[in-house]
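Next come two complexes, and both contain chain A; in the first it sits with chain B, in the second with chain C.
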Partner chain A sequence: MYKGIVTMLLLVGLLPTVQAETAAEKGLAIITESDNRDKGWVDSSADLLMTLRNKKGGESIREMRIKSLEVEGDGDKSLTVFDQPRDVKGTAFLTYSHALDADEQWIFLPALKRVKRISSSNKSGPFMGSEFAYEDISSFEIEKYSYVYLSDEVIDGMDCFVVETKPLYKYSGYTKSILWIDKAEYQLRKVDYFDRKNSLLKTQQFSDYQKFLDQYWRPLTMTMENKQNGKSTELKFSNYKFRTGLTDKDFEKNDLKRQR
Partner chain B sequence: MTSSFSNRYAEFIVNHPWRLLVLSVIVILMTASGGRFLQFSNDYREFFSADNPQLLAFEELQDTFNKADNVMFVLAPDDGEVFSNKTLSLIEDITDKSWQIPYSSRVDSISNYQHTVAEEDDLIVANLVEGASQFSQADLDRVRDIATHEPLLVHRLISPKGHVTAINVTVQLPGESLNEVGEVVAAARALRDEVLAVNPDIKIYLSGLSMMDNSFGESAQQDMQNLVPLMFLVVIVVLGLLLRSVSATIATVIIIFSAILFGMGSMGWLGWKLTPPTASAPTIILTMAVADAVHLLVTFLQNMRAGQDKKAAMSDSLRVNLQPIFITSITTAIGFMSMNFSDVPPFHDLGNVVAIGVLIAFVLSITTLPALMMILPVRVRQTATSDTSQKSMAKLADFVVVNSRKLLWSMGLIGLVLVSLLPTNKLDDQFVEYFDETVEFRRDTDFTVENLSGIYDIHYSLKQGESGGVNDPEFLRQVELFANWLRGQKYVMHVRTVTDIYKRLNKNMHGDDPSYYRLPETRELAAQYLLLYEMSLPYGLDLTDQIDIDKSATRLTVTFENLHTEQVLALEEKIGAWLETNTPEIEFSGASATIMFAHIGKRNVESMLVGTTLALVLISFILMLALRSFRVGLVSLAPNLLPAGMAFGIWGFTVGQVGMSLSVVTGMTLGIVVDDTVHFLSKYLRARREKGLNTEQAIRYAFNTVGVALWVTSLVLVTGFIVLAQSHFSLNADMGVMTAVTIAIALIMDFLFLPPLLMKLEEKRHV
Partner chain C sequence: MILNANAKILLLSVGLLLVQSSAQAAEWSGYSALEYRYFPHQTFNEGVGEHDISAVFAPEFYHEWDDGRQSIIVAPFLRVDSEDAERTHADLREARWLIAEDEWEVRLGVGKVYWGVTESQHLVDVINQTDLVENTDTEDKLGQPMINLSFFKDWGTFDLFVLPYFRERTFVGKQGRLRSQLVVDTDNARYESGAKQHHLDVAMRWSQSIGNWDVALSHFYGTNREPVLQLNSTATALTPYYEVMNQTGLELQNTTDSWLWKLEVIRRDTSSETFTALTGGFEYTFYGVFESNYDVGLISEYLFDDRNDELITPFENDVMIGSRITWNDEQSTELLVGLVQDLDSSDAAWNIEASRRFGNNWTLSLEGRIFKSDQAQSSLYQIRRDDYIQLELARYF
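After this line comes the complex of A and B, so read on.
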């Protein structure tokens, strides 16, 4: 046991000097490559069907449309309009995401006919009662995390990098996540999320990848399985469109009430 | 068992002691090695069978919403003021650190309570307390004002006076290992101790379901550690005094020890878990195993004192005792096995493991015990022993024979009066009171109930039915009506309902105008408030424990003051009736640990009625067969059945509350008390049949031959169960007291009631 620990410490101590790049550098390099490969999509829109399942096998669905706009040098802008459940139809949710500053969010409630700013620094709660937290689906920015490359692993027959990320922003619900990124296309295949006591909380799987504009991969199915309470959520994207000509004007908070 | 078999058997045993000893050591050790699989269970659900309807209802509710196992830190600052910089910072600190408790999924405190305020067109959702060390007096006052007026917090996380507060940690145990609760509690205690070390001017109490679960395990462990050695001590002293032979005492202790090892070892092999009831098994096996050995050794030593050599003395003792010991062991085992009918699974295990122990004790008593006595040195003084006790038995026989008529009527009357008091017992399973005041969980929970909030609660799943239906204004109005009605009821301490959140949000969305503190008017409005609010909640503090995923049902939790089981059942019924009359469209179901325990007593009594009756029939049948007399067997029913009824009568006017453990007592004691009757009646019948004595003479003969042995074995049994009564776990302690009382009464009835009854019947027969 003692010997083992000494060997381990030595190995950990030696690793950086033996390898050309440190594990942190390699992790960042993988993520940067992944991010670079996804640049230049300009804008996109898609329909989303969200299915919530509880331990008993009960189901509930939510439907929404999402429009996104790529923003150079900052987080993306996105606009989500809810269609189902019926009671929240027409509710529109606008986000300007930022790298390290808190994202700006507005919501239009048709029943109240008002736009409200959500000024909560908490983005770690469940999105629409699902197993996805807002932070799981918000726009990805490299600066939000620190990275460490862990190992190579084959999952579902795909050769993957395994990278550990730690959130650099306050109020995250996680201590860390472990990402599996395939070596061929640099796309996410699986993410394990760890809660504040560093126990495995959720596992996210990505499947049905489709390539758009001959360059941009998008998973049409994502599942999030909560390992602690037995609930799960499935996201199904359809009707993906790219470069539809969206501009900043389509993401104005004053125009939220006109979203239908 | 023919006498020629007994003879040959006895010869074999006394002539081949070593072979037997080696064989027994091998068998015992192999079985005992199963003990390594024994584990303490710490889950209150173990007390409920898999098909228990209240358990199923609760599981269903927890699968729809979230699990409700929890640890609660209750903080009481010495200065009586929660709203100080120091205490509030401490709450922030403990809240933060509580997320580190294993399996925790949610932490609720007054500091991370998600307070909502409107600021122009913004809805601000934030922790109520953040950075309390820098708070001004105005900040402290503001927070106090909000917390002590928030219906979600008062009487749940903060006392109205603001002198006691709680941090509630919800845990989701994966149920993969038995030690999960232990890990949770160890972490909670470590956190408490860490805080107390630097904050001497505050008291911290730990309550909640996980603490209770852990107490079940700890109290089982304590019973094993404390009661078993105490019982051994008692047995050694009693045996030493009685047998006045070191070797005989040592041999008996070895037999008893082996019986326990065998019983607990087989429990390990069978994969049964140690629960508080099964933890009493060693004590009970110990008590039961003594009797067989005593009967055998008393005869053996008497023979030697009368001048016989060792071998002759032992083979004679075996010959005489083999059959009675066999019968009494079988009846005792049957009595314990009647527990298999109980609705409470740990009692199945207890009954079975004691039955195994009793049967192996019988086998060991007629094999290993004589073998041991053959190789151990035995020195006795050749005198007529037990002179004084024999003389007192003769006097007692005189007394009974002379006063038989008076005794028959007076004992009969006392019996009837006591039995008639039986209905004064009330079923009561208040799970907190299972533990006495020496148990930390009990003390801490008592403090919590006195100062902050109750431990007994009912969760109501209120179902509107259609998807998104919780937002229906009519549904919300009815839920609010229900909550308001509950708040007006006696014993209700707190009602947690989602309608309070809707009302608060409605107020916030109208610029915090207090006149809007009411339910939203349309379904869309309610749904959209909820959506907005949910978007703003942090990790772990979501509404999924109050609203199901389809938003078609909500959970409302009502917390009560300390209640007796009867009151819980009455309230459950009253609430159900109210819901049916006033909110007929709402489909509801109420469930909780409180409800589960409230129903268990009655369910157990009903299931044990079958088991006890079956045991009674079987035992009576064996008795008649053994005594070869239907009539005498029938007569024996009176002294066998009355004692349990009388003991319950005494319990009724002294204690009056019967927990789930007491319903197994009748079946179990039946198997024990029948032993005395068997011994007494077999001697009586032998005198009548073989010696041709008349009723009166036969009774004197029975007193003279077995009177002392009955007196002594009953004394050991009563002492044993009184030792069990020292348990800090009331289910075991009550069972101990009740069994001891029953056995004592049985002996009295066998001495003072059975003989007069026999005389009366014989008299009639000859008239």
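After this line comes the complex of A and C, so read on.
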């Protein structure tokens, strides 16, 4: 009897938490599944054309080449070299990303031939004047966010999970993001970003998905629309290559000086 | 017979190389620029005006093959100046062949190497000669003939340099601004070593990144890039005298969150003097100030030289404070303002640099310098009337 009351009290006390955990657990489970499906790509390289559009319809472009290396149990490594605009041609970024620790980052300035270690605290700042913040294009790691499953929703005819994420790393410009992940392939279709005042800041759309190595989906187009200033940025990826034989040796400080 | 076979192989290799060359990406890039400098004060030097216009052409040819493991760069440089015959000059900034493997690489030819971490001055950076007619900030360098071997190990990167030919420092001529009252007679440079410009200089450097720390140690033995300026026999000009030196350098940077802590120390030993100099300080950046896109960086460095002689270097006991503001806009607008203040006198040097891109290919840069000095025994005193403001319009291709 006594035991029974205790059990009942415990159950009553636990019930709401169990339900809340279910939404968090479901959110985490969806992201984990999505992450697992993307494991094992080893390395990749791609060309990227970035088009910045302002309210008046003015355009400017950036062109870069990106090499990435999957690092198990830690954030990925990446090396980005600029081709356009011409005044920054040859400028290169090397990043060792980490889940919650600060990323390690170096920049190569071709005019001076100078390799400079830079701070990686600039998460919320615009990448090359675009609507993409540094944190939007950095390597995804599960540990970076907390997750809550919100609902199911159909967008563009695709059945999607809607998951809310909150950044757990320092210096984020967002209070939360809402992710739409399709149920068929567990790929991102849309993200809404909310600023520090919790109002909608940007919407990112993912399209032209292509499957590589029979397993890894990559969106060849991403657009980021700023809902507050009317500007937008489009990313177009091309020339994607996987498992090209890149190793840690291709992602060292010295490699910055070799780039063109 | 054997020779013939070898010759055939050679021909075949060259042929293959050419075929590969045409198949792979070969490309031209670079910039041309128009520069205008205005000096608001008249100078004591006769026949030197307040305006200066010059044009730069700096193309670069790059070509890589062998899956990017081999490449060449050829980068000539030309400036034509309306006033100063010495500032009108051409140089081969780079003409090098790179062979890069996972564990090592070799650079052969004329190259450019940067060492260092600090912003206010560059003590450790001694491989390339300063192209002083370009700018007083000593950041423009002449191409240096070299063989550079780099080894990449778990314990760091080890660089070895063999520098078979010495480049003399450029100095502003009679019709130029930003010079001492007596012109430097670059045609009559003298050397401590009998080998003169052919003295074989050598250098090595070890560098490593360990967590938040980037560290490097270097040693240079060879012709001092900084000449001693001696009065000539008729006391009408200064003659550069190049000594042989040993220099050991340390570079250290700690990067923690928004803080960069930096230190450069050198110990230089020549037949006329032995001294220690250092630059140390920090750079702290406020990212996205007041919920905007602007980044505001604060920089402060202490400059020290134990020779304590302001005629040789004005930076013997000075503090630099500055700020770097980045707009993070489409045009990559940037502003850098700084002040180097002598702690023993009222001597000071102000600096402003700003730049902005227009369209995809044009940039406009502004540069301004103010030199304050009222002690005749300081080298800053010589250029105290050479404050200037400069505009540069560049087109990149």
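We adopt the following convention: the second predicted complex is superposed on the first by the 238 of 260 C-alpha atoms of A that agree within 3 Å, B and C clash if a C-alpha of one lies under 4 Å from a C-alpha of the other, contacts with A are read in each partner's own complex, and residues count from 1 in each chain.
Just so it is clear, a contact is a pair of C-beta atoms (placed from the backbone, for glycine too) under 8 Å apart; a residue touches a chain by one contact, two chains touch by 3 or more.
Bear in mind that the values here come from a model prediction, so they are computed numbers and not experimental data.
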| item | value |
| --- | --- |
| Chain C versus chain B on the shared chain A, clash or fit after superposition | clash |
| Touched partner set for A:Gln228, first chain B, second chain C, both or neither | first |
| Touched partner set for A:Gly129, first chain B, second chain C, both or neither | both |
| First, second, both or neither for A:Glu72, with chain B first and chain C second | neither |
| First, second, both or neither for A:Arg117, with chain B first and chain C second | both |
| A:Glu104 touches, of chain B and chain C: first, second, both or neither? | second |
| Which of chain B and chain C A:Lys56 touches, first, second, both or neither | first |
| Residue contacts with chain A in the superposition, chain B compared against chain C | B |
| Touched partner set for A:Asp214, first chain B, second chain C, both or neither | neither |
| First, second, both or neither for A:Lys249, with chain B first and chain C second | second |
| Touched partner set for A:Phe93, first chain B, second chain C, both or neither | first |
| Clash with chain C, by chain B stretch, listed 166-174, 310-318, 328-336 or 508-516 | 508-516 |
| Residues of chain A at both interfaces, chain B in one complex, chain C in the other | 52, 54, 60, 85-88, 112, 114-119, 121-122, 124-126, 128-129, 171, 173, 196 |
| Complex interface listing, chain C residues touching chain A | 29, 31, 62, 64, 68, 71, 73, 98, 100, 102-103, 105, 112-114, 116-117, 139, 150, 152, 157, 207, 209, 214, 253, 255-260, 285, 287-288, 291, 293, 295, 328-332, 357, 359-361, 363, 394, 396-397 |
| Chain C-touching residues of chain A, taken from the complex the two chains share | 52, 54, 60-61, 84-89, 102, 104, 112-119, 121-126, 128-129, 170-171, 173, 196, 247, 249, 252-254, 258, 260 |
| List of chain A residues in touch with chain B within their complex | 52-56, 58-60, 82, 85-88, 91, 93, 105, 107, 109-112, 114-122, 124-129, 133-134, 171-173, 195-197, 199, 228-231 |
| Of all residues in chain B, those that touch chain A in their complex | 60, 63-64, 66-67, 99-105, 119, 121-126, 172, 174, 467-468, 471, 509, 522-529, 531-532, 534-544, 547-551 |
